[in-house]
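Next, two complexes with subunit A in common: one pairs it with subunit B, the other with subunit C.
After this line comes the complex of A and B, so read on.
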């Protein structure tokens, strides 16, 4: 009994002493601020900052190599926290969200062929540039929704990706995965967008989509400063967002949408009327 | 004669009876020929003619760009009326030369005739390249590349692919029956280029007349004819080598790694024309068949003939078209319209009506293992497809996804109608992209 206690106790003491010495001798110096910054980050490892993950960004910020406001998912709270840790002034970046520039779901846009393959937009795009006749329209197979680390993308029943503006953190994962470049980044404050991505001529667009931009210039004529038209496709000038909404009712194709009045038709996130009603109630 | 084969594969109904007995008919020239610059694996050719140019049949209209590329030739004499993107079998508009035939079909006088006995291997190979010869089985791999094995890889056997294992197609079958002299002449030229003696023609046992004819005619030339079991994909390069020689091409390797070169019988016939007559590859035999066509036929078509013209010559469509396939039903490409032209790899045109084929949406994998038992490469298609769905590139790579020959056996046999080949092809693209990056 006594031998056993002595033996084990002895081994314990020797091991403790060795570890104690080793811990002092081989200690790796870690900038305490790096650990603190990592603690303050959301931990989604989304890559929005340009680093492979949060720990890389934390190291970069602590080293002074990276700016403290690159973490879009964290928003202003994270930036303030980082600024407090580093003892510098907080410069909040303008929050940005992703927008799907398309409303042409299975009911509103035509298809070149019936696609029965794997549910992946990039795989479908390889087959004759995708089943949708429109060369820029959302394929609706959900590759962006699968890539979103924040569960912010909804696929509607009729095959269209809609981005939840409250959940979107602006990490741009969806932008890089989309084979048709139909998702763009825009300031969160800009709520009016032309939801179309077809650069074809108007006559052609009409053939394959009920809600496609035909480049008719009416929006630009209505509010000249808020719209620009390039390759038969209208775009909102984001600085002029508050004026842009005036052209919504004039658009003959109904492809201009103001997200402050809710999400496009077919989205479970709330249709135009429901959303505005709720907003009014709130 | 015993029937040789490989392990795996399956037996789809061969459906060749509609055209197997029909002699090859020459399809008349259409109003305009659409000749794309991209008709082969490798870099598309550079178009070197302009609108308004008068061209002769066999004149080069696009030059080869790089080693793995071939020139493209005018398929008839006439005027170039457009050089612009036109619908292509790949499903998108691609650069093409549009020729309005002048009706004379006059060959370019500059084309020289040669006697293969007077030329050495390297000269013959240059003639093959100049004639734009590509694999006529459908893969359209430039023939001169296959005929240029590096010195450290000695070749001892030439295999001629007369298998035609794709259901419905009978173009190679008719070619062997009707133009055996050209085929055998081409084989002799190929043997001279490669500097080897042994040549074997592999033919599936469902073409007994072709086996009989080729056996009789090949005997004096010391060319073997090997009857092969009727099984898909017996005509796939690696499976054919396995069946004929018992050798297996190593993973990631080429036929030359086990001392073999494989060429299609149609390619051999085209090589004969290229050398003896100096004529480039401007025409080929294609089978137009399927339940959606009135009179199925074997046609000799000029390259660039719109599919609609071929359909018209075969009596028109029967019923409402549901699916158009260029090539065979297992590996062919579905077409969006009949406006696309036939190209050098067009071995057939299949027309199906609505309701002739299943459009059942895919269900979950029931883990029955049928795809594994039919895979001629002995891969696990369902596992790789799962990795593809989850975009796990490294896992798919370690399961040898790159060895998949995309024969379509797994997709054909899958009771859940899962798009297995498409998934594997998708992840193969991902693996190649990853390799390019690193």
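After this line comes the complex of A and C, so read on.
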């Protein structure tokens, strides 16, 4: 009994003493700001900053290797806290919001078949690639709205997801849940978008959607720097889209939309001028 | 020499610590999302297992056996391994920041890992000599790394596959781990022991 206590106690004591000495001898100086920054971060280890985790980002910020505004989940509060620790001016990260690139609700776009299954886009997509004739259009069953933690997605009466740009925090949950990649992230300041996700040729698109992009090039001819056409589908170049809105009237399919003038037709958000806050940002 | 080789092959394939003995499942599931981190973890485990088996071998034969305290094996081993890993972590952090970058974050995770303790206890149970114990620990570490890297590769591919919602994440990972374990059962009978 006594030997057992002495033996184990002895091993423990030796180990403790060794560790104690080693802790002093091998102490590594850590930048105190690094710990402070780590404290200020949300600690979700989400990787949105491009680093493996919050500790990696804190180290990068303390070293001056990384900008202090890369933590999107933390938002402006975190950025300000980090800036205060480092003693520098806070520069807010460009806010990004999700956009549903489709206007083809059940009235404007045709169906391949009548889907009567469970109200889940992923389930519908598994059944012969979804009930919509258009291969890229919003299925309108609301998987994104269910996934949205901020209640920022509205499903219109005619089956189209519309994202409330004031409520959207840019968490990208809806982007990952959508089976048709119809939701994309774009700078909040860019209010003009081509609301179509069909890469089919124009003649085909006309058959199944009244508001689909046919790749006619008119928008690119009107504002060359702001549009890019690929696979018969126009996209706004978000870096240089100051004049993108000028092409809205020219578009023969009316598929370019400026959110600063309201939300797409059919949305309850459309009536009130909810998107007005973005004018100032733009 | 042949017996050493047999111990090595047995520890890597036949009695793989993760897939046949089901030890160290926690890091096997936790750190296997990417091949890169799986390799880092595997290297850390090889290292810790080898060092721990050396130290515990001496503890067993020079302290515990001598005073007739064999029944304290588990607690003594845990104590020694945990403090040893802490010590090694401190030394690496100071002397080689590069190595610390690649192994450091995994070291605290395996201080009291059951696979590490398992190696120490098993090599005593099998009354291995010192050299045999070291080779056994090395083989166990290699086997763990092999299992981790294979599993991480599978999980990387699964991430790109249309897995039904109810199976996503841990569920499909556990199913995959089970299948991988079944596949490793094919090595049974290759080497006895």
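Just so it is clear, the second predicted complex is superposed on the first by the 186 of 282 C-alpha atoms of A that agree within 3 Å, B and C clash if a C-alpha of one lies under 4 Å from a C-alpha of the other, contacts with A are read in each partner's own complex, and residues count from 1 in each chain.
Going forward, a contact is a pair of C-beta atoms (placed from the backbone, for glycine too) under 8 Å apart; a residue touches a chain by one contact, two chains touch by 3 or more.
In this text the structure is predicted, and so the values were computed from the model without any measurement.
Applying the stated contact rule after C-alpha superposition, one finds that A:15 touches subunit C and leaves subunit B untouched. After overlaying the two complexes on the shared chain, residue contacts for A:3 are found with subunit C alone; subunit B is out of touch. Taking subunit A as the reference chain, the count of touched residues is higher for C when subunit B and subunit C are set side by side. Of the two partner chains, neither subunit B nor subunit C is touched by A:231. By the touch criterion defined above, A:23 reaches subunit C but does not reach subunit B. In the superposed model, A:114 lies in contact with subunit B only, and not with subunit C. By the document's definition of touching, both partners, subunit B and subunit C, reach A:122.
The interface of subunit A with subunit B overlaps its interface with subunit C at residues 122, 126.
Against subunit A, in their complex, subunit C makes its touches with residues 59, 63-64, 67-69, 72, 75-76, 79-80, 83-84, 86-87, 90-91, 93-95, 162, 165.
Residues 3-4, 7-8, 11-12, 15-16, 18-19, 22-23, 25-28, 122, 126 of subunit A are the ones that touch subunit C when the two sit in their complex. Of all residues in subunit B, only 90-92, 334, 336, 359, 361-362, 385, 388-389, 417, 419, 422-423, 425-426, 429 touch subunit A in the complex they form. Of all the residues in subunit A, the ones that touch subunit B in their complex are 112-114, 116-120, 122-123, 126-129.
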